[in-house]
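Below are structures written as structure tokens.
Consider the two complexes below, in which subunit A is the common component and subunit B and subunit C are the respective partners.
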Partner chain A sequence: MKYEIPAEAEERLPAPDTRSGLLSRWFLQRFPVWRTYEHLEGKVVPKHRHSVWYNMGGLALFFFIVQVITGVLLMVYYRPAEPWMSVQRIVMEVPFGAVIRSIHHWSANLMTLALFIHLFSTFFMKAYREPREFTWLSGALLFAVTLVFGFSGYLLPWDDLAFFATRVGIAEVEKAPLLGMWLADLARGGPEVTVDTIGRFYTLHVMVLPVTILTIIGLHLFFIQVQGVSEPDFFAALPPEQKKYEKFFSEFMFGEIPIWLCMGALLVAISAVWPRGLSPEADPFGSAPAGIKPEWYFLSQFQLLKLFPGKIEAVGMFLWTMIPIGILTVPFLDRSIPADDRGRLVTKIGIVALLGLLLFTVWGGLS
Partner chain B sequence: MKEAEGTERSRRGFLGFLGAVGLGWLAAAIYPVFRYLSPQAPPDPFGEDGRALVEKITSAEVSQPGMGGNGKYGNRGLLIFRNQSGTLKAFDSKCTHAGCNVAFEGERIYCHCHGGTYDLEGRNIAGPPPRPLTELGVVEEDGLLHVYRLTGGGESEAGS
Partner chain C sequence: MNYPVWDIPFLGAGLVVAIIAVIHMLIAHLAIGGGAFLFIAEVWSDRQSNGDAIRAWLRKYATWFLVYTTVLGAVTGVGIWFSIQLASPEGTSLLIHQFVFAWAIEWVMFLGELTVLYLYFYGWQKNSRRMQIFLAGAYFVIAWGSLFVINGILTFMLTPGAWSLESTSIWAGFFNPGYFPSLLIRTLIMFMMGGLFGIIVATRINGDDGFRNRVIRFSARWVLPAAVIIPFLLIWYWSTLPQATVDLFREGSTGVFGGRLEALNRYFWLAMISGFFIVLGALVIAIRPKAATTAGAIALFLIAQFGFMGAEFFREMARKPYVIYNVLYSNSLWKHDSEDPALMGEPFLSRARWRPEVEPMSMEHGEWIFRLQCVSCHTWDAYRSLGQRTEEWTPEFGSRWLETMHESGVMPPFQGTAEDRAALSNWIVSQHGEVVVEPEITGTVEGGGR
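And now, the complex of A and B:
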């Protein structure tokens, strides 16, 4: 039993005696998706002076795809039972191993950076407002998963920088109230970072997190396809004849291709110029080397906590926790379209948060 | 009509029953997984005689005043050195701030992660550490070093 082709499709499909006409009919008789096709065909992206930010999500997706490919390749030689030796082999012996590992490293950093920009640009364009609350929340979740990806992947080479950075990072988790100690022990597989921790982080990094992130990416993209791209207030206020749009399929998508190609080239270039190093194998009993620092995306938190040493560390933690809480609640606090006084206040808070984040990151990097 | 209500009620009853069984089933499945993932308590580094053998550093490496370095006891890091008056001193090497291993630097004990500084008695004198290091007792026997837990002295974090 084939499906019937709707009349409005018949009107628009190529003539049935052409090859494309035959093929499209053959497909529609098996998958009755004409209405979905029409919906996607009508999808547009607003065109204005801030349109460049619409490419950031796609860019993060590009870096994610690079992560999947290079990650699968690294898994071929990486062995959690002899982590450092196997990474050293990838770097020293396997043809192109050093490049693939460096690309994985740089692409992870650029993916996080693209997500930072994506998060802040959608924030300032107030795309989180009704009806897109869940697109925003799923995006926040994607960002959190990406940070866990970064943290878990950082330990896997098992060199001394990674080892002590992880030890310090988890020691921070320990200090969180209530569940902190339990979570830290669960992450480490005991009171110390050992090879047991590698087993846990490896499983997270190559299995649990990828399945999780793919699911949420699917949802996030599905929401965007259904709801379309949000229009920022200044664009929505324009008279209709001044609003310009670009079709998502395929003008916008084709527009992304040159960006992706350039970024791919950039990745290879920076990986060649600044290959990811491997410091000596971790010695869990030796003294910590100088220069232990978290990755840049944890630096702001690291620096903030440094300002509140000892007993008042909880104050610093509380301050930092305000950021995720703010991200999770903002769609429900700031709802007015166009923005009212509260909306403008939220924007100002966002600017302060962004400047604070930048300041603390640079400060943490320099000190 | 009555019959339909009765069917509806028994359908709800069945769904409730199914829900309860499902929850029980889930709990029965989650508990073993939870236990499986929960870390086992590490073995006490101090043996039956209350002592732990020092490894990765030998007594020859701490034979003279001013000599010292990092080693291990059980599964933990150790800092051991001989002070200027010739006494062997040993500390659990875990910095009380963020858990890096401290280093012996002759005049002081220093942590490279965040600049935590202790004096040679293990007292935190500069930088972020909130507490002194955990001191351990040392005995030298047949050229082998052993450490033991000091009762009452400092916080007994070692072996916890």
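And now, the complex of A and C:
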């Protein structure tokens, strides 16, 4: 059974005797998506002095696409049974293997950075408020999954840096109340980081997390398409004649392409200047290299916990846990549009959290 | 060793030159291509019904162009002179002595460029149309003339061709094998830069979308010749490269610090990918000029900066370990001197004029060999880190490696005696925290030091 083409579609489609007219009718008779097309066609993005932040989500998506492509290429040669040897082979023998690995490493970092900026820019524009609570929560989940991606991928080369950093990282998880020990054992596959951990992290990194993140990205984009892009308070308060918009399809998307390309060139440039090295193979019985630290996106937590040694470590844990709890609950705590006193207080707390994050990251990096 | 060494911690002298030069190259190419853009746009405006509107826009283009090229261009240009004479005085001296008239012509061209550009810009209201078009054309011709001259010197450093220290034939050195493909490639890139700059200025046009889109399309077209012709010119350029460079490139597709010089490969691909991205971006903008934003246009311009970084680093690395291919090594050792066993076997510090008195086989002995033979390319712990490359060294291994490093094809031969090699190797190993026992030798290394 073929679907009927809506009357308004008939009015707007090219003439039936043209090739494009024939093709579009053929398609609409099989897939009744005219209403969806109309919805997407009418989708707009507000244009104002902070519009640049709307590009951050797309940028993170761009780096994710790079991750998928380079990740698939690396999987061709990576062997979880002989992790370090296979990475060494990728680097030393496979043509362009070192470059692909460097690009994978740096795009992971840039994706995390783009997500950090996306998270804070949407926070300060208060895009988490009604009706976009689930867009915000799915975004927060995406961010968390990305961090787990980074953590699991870091171990896979099985060099000494990766090994000891992972051991330290899982030891932190162990300290979490209630489920900490169980989670740590589950991640390690036992009480110690061994080659069994590689199997778990590899499965997580190339199977579980990709399926999870693709599902959440789909949901996140679906929410955005249905609910549209949020307008910050100052823009929403403008009289209609002063508000400017651009169409999401295709002005906004086409406008993003040069920025994506520029970030692509930046990515290649960084990979050219600072190729990712490979330390000696992990020796679980050897001593840890001096000054071992987690990746930059875990540095703030690492540095904060260092301030609370021994028995008061739980205090540090509690303080840090406030950040994810705050992220998850903010859409339900700050609901007023336009922002009221509570909304302004939430913004101030956000500024303090951002400054704290930056301070502790830099501090952790320098110390 | 006639000159003191310019020791820049963290970056190294070579990288300082490179950073300034990469920025300067982008501006210099825009300075010439923008001239062609001004001339063609002037002529184009006369043939359009809204010529006044085009010229009003062109005035904005010229304002930004003048500020960007004459201020930043001049500052970085002088910066190059300042830094190369410190980084490689021997090489700079050779280039000045060999091409003294070329440099003189280059400077006259530069002065002519500035003069004509100011006449064009400040005569906007007073000059006749004919005069404005003439000045724009004259500016381009003079500016391109400066490329014609400097291109000879730049390509000479990588492909000196039939030039030799004995013949010192200026023409053979100037019109060397790499000269013409390089000249044509750079000319096309200049047109591209003029167009990209035009897109940035055009995105600022408010109100008249039709006019804005026409100007953006006109500007985007300037990328087209480079996109079509450069791939063919690259094949020509490639055929002029020294065989050793081509071999290095082939072996460099593998290995982090493992290929012989895989950075050559990485920078090449940076240039190629950046060029491809610019063409792709310009196509998108040409197809949907309405979607062009200032941020997007600046993004394309930044890609060009990355592309210049890749291309210029490639050109510099392609001649490693020489600063002038097959003539002068990067650490100021002349190739003909390196072929004299008696000279190469002399105690190294006895030939070095700019160093303190040091005890033989002391740590200072090794450190001063490092300073005088290595720091022109390597820093200890940052750019091209020697520390990173020698983590696994023992004094004996280091000594042996130094003796044969020249055979890798990317390092100059070691200058000095077995004692010098041992002193350098000991110093390097000691920097990694290993305790190296200094043999008890008294006295000082004679000669030279000041």
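Before moving on, here are some points about what is shown:
Here is the rule we use: the second predicted complex is superposed on the first by the 367 of 367 C-alpha atoms of A that agree within 3 Å, B and C clash if a C-alpha of one lies under 4 Å from a C-alpha of the other, contacts with A are read in each partner's own complex, and residues count from 1 in each chain.
We adopt the following convention: a residue touches a chain if its C-beta (ideal position, glycine included) is under 8 Å from a C-beta of that chain, and two chains touch if they have at least 3 such contacts.
Quick caveat, the model's predicted, so the values are computed rather than measured.
Of the two partner chains, neither subunit B nor subunit C is touched by A:237. By the document's definition of touching, neither partner reaches A:214: not subunit B, not subunit C.
Set against each other, subunit B and subunit C differ in how many residues of subunit A they touch, and the higher count belongs to C. Judged by the touch definition given at the top, the superposed model places A:196 against subunit B, while subunit C stays out of reach. Once chain A of one complex is fitted onto chain A of the other, the partner contacts of A:171 are limited to subunit B, with no touch recorded for subunit C.
Applying the stated contact rule after C-alpha superposition, one finds that A:306 touches subunit B and leaves subunit C untouched. By the touch criterion stated above, A:352 is placed in contact with neither subunit B nor subunit C.
In the overlay built on the shared chain, the residue A:285 is in contact with subunit B alone; subunit C does not reach it. After overlaying the two complexes on the shared chain, residue contacts for A:188 are found with subunit B alone; subunit C is out of touch.
Touched by subunit B in one complex and by subunit C in the other is not one residue of subunit A.
By the touch rule above, subunit A contacts subunit B in their complex via residues 164, 167-168, 170-172, 185-186, 188-192, 194, 196, 284-292, 306, 309-311. Here subunit C touches subunit A in the complex through residues 253-259, 262-263, 265-267, 269-270, 273-274, 277-278, 280-281, 284-285, 288, 290-293, 295-297, 299-300, 302-303, 306-307, 309-310, 313, going by the rule given at the top. On the subunit A side of its complex with subunit C, the touching residues are 52, 55, 91-99, 102, 250-259, 261-262, 264-266, 268-269, 271-272, 275-278. Interface residues of subunit B, counted against subunit A in their complex, comprise 37-40, 42, 56, 70-72, 75-79, 93, 95, 98-104, 111-114, 128, 130, 160.
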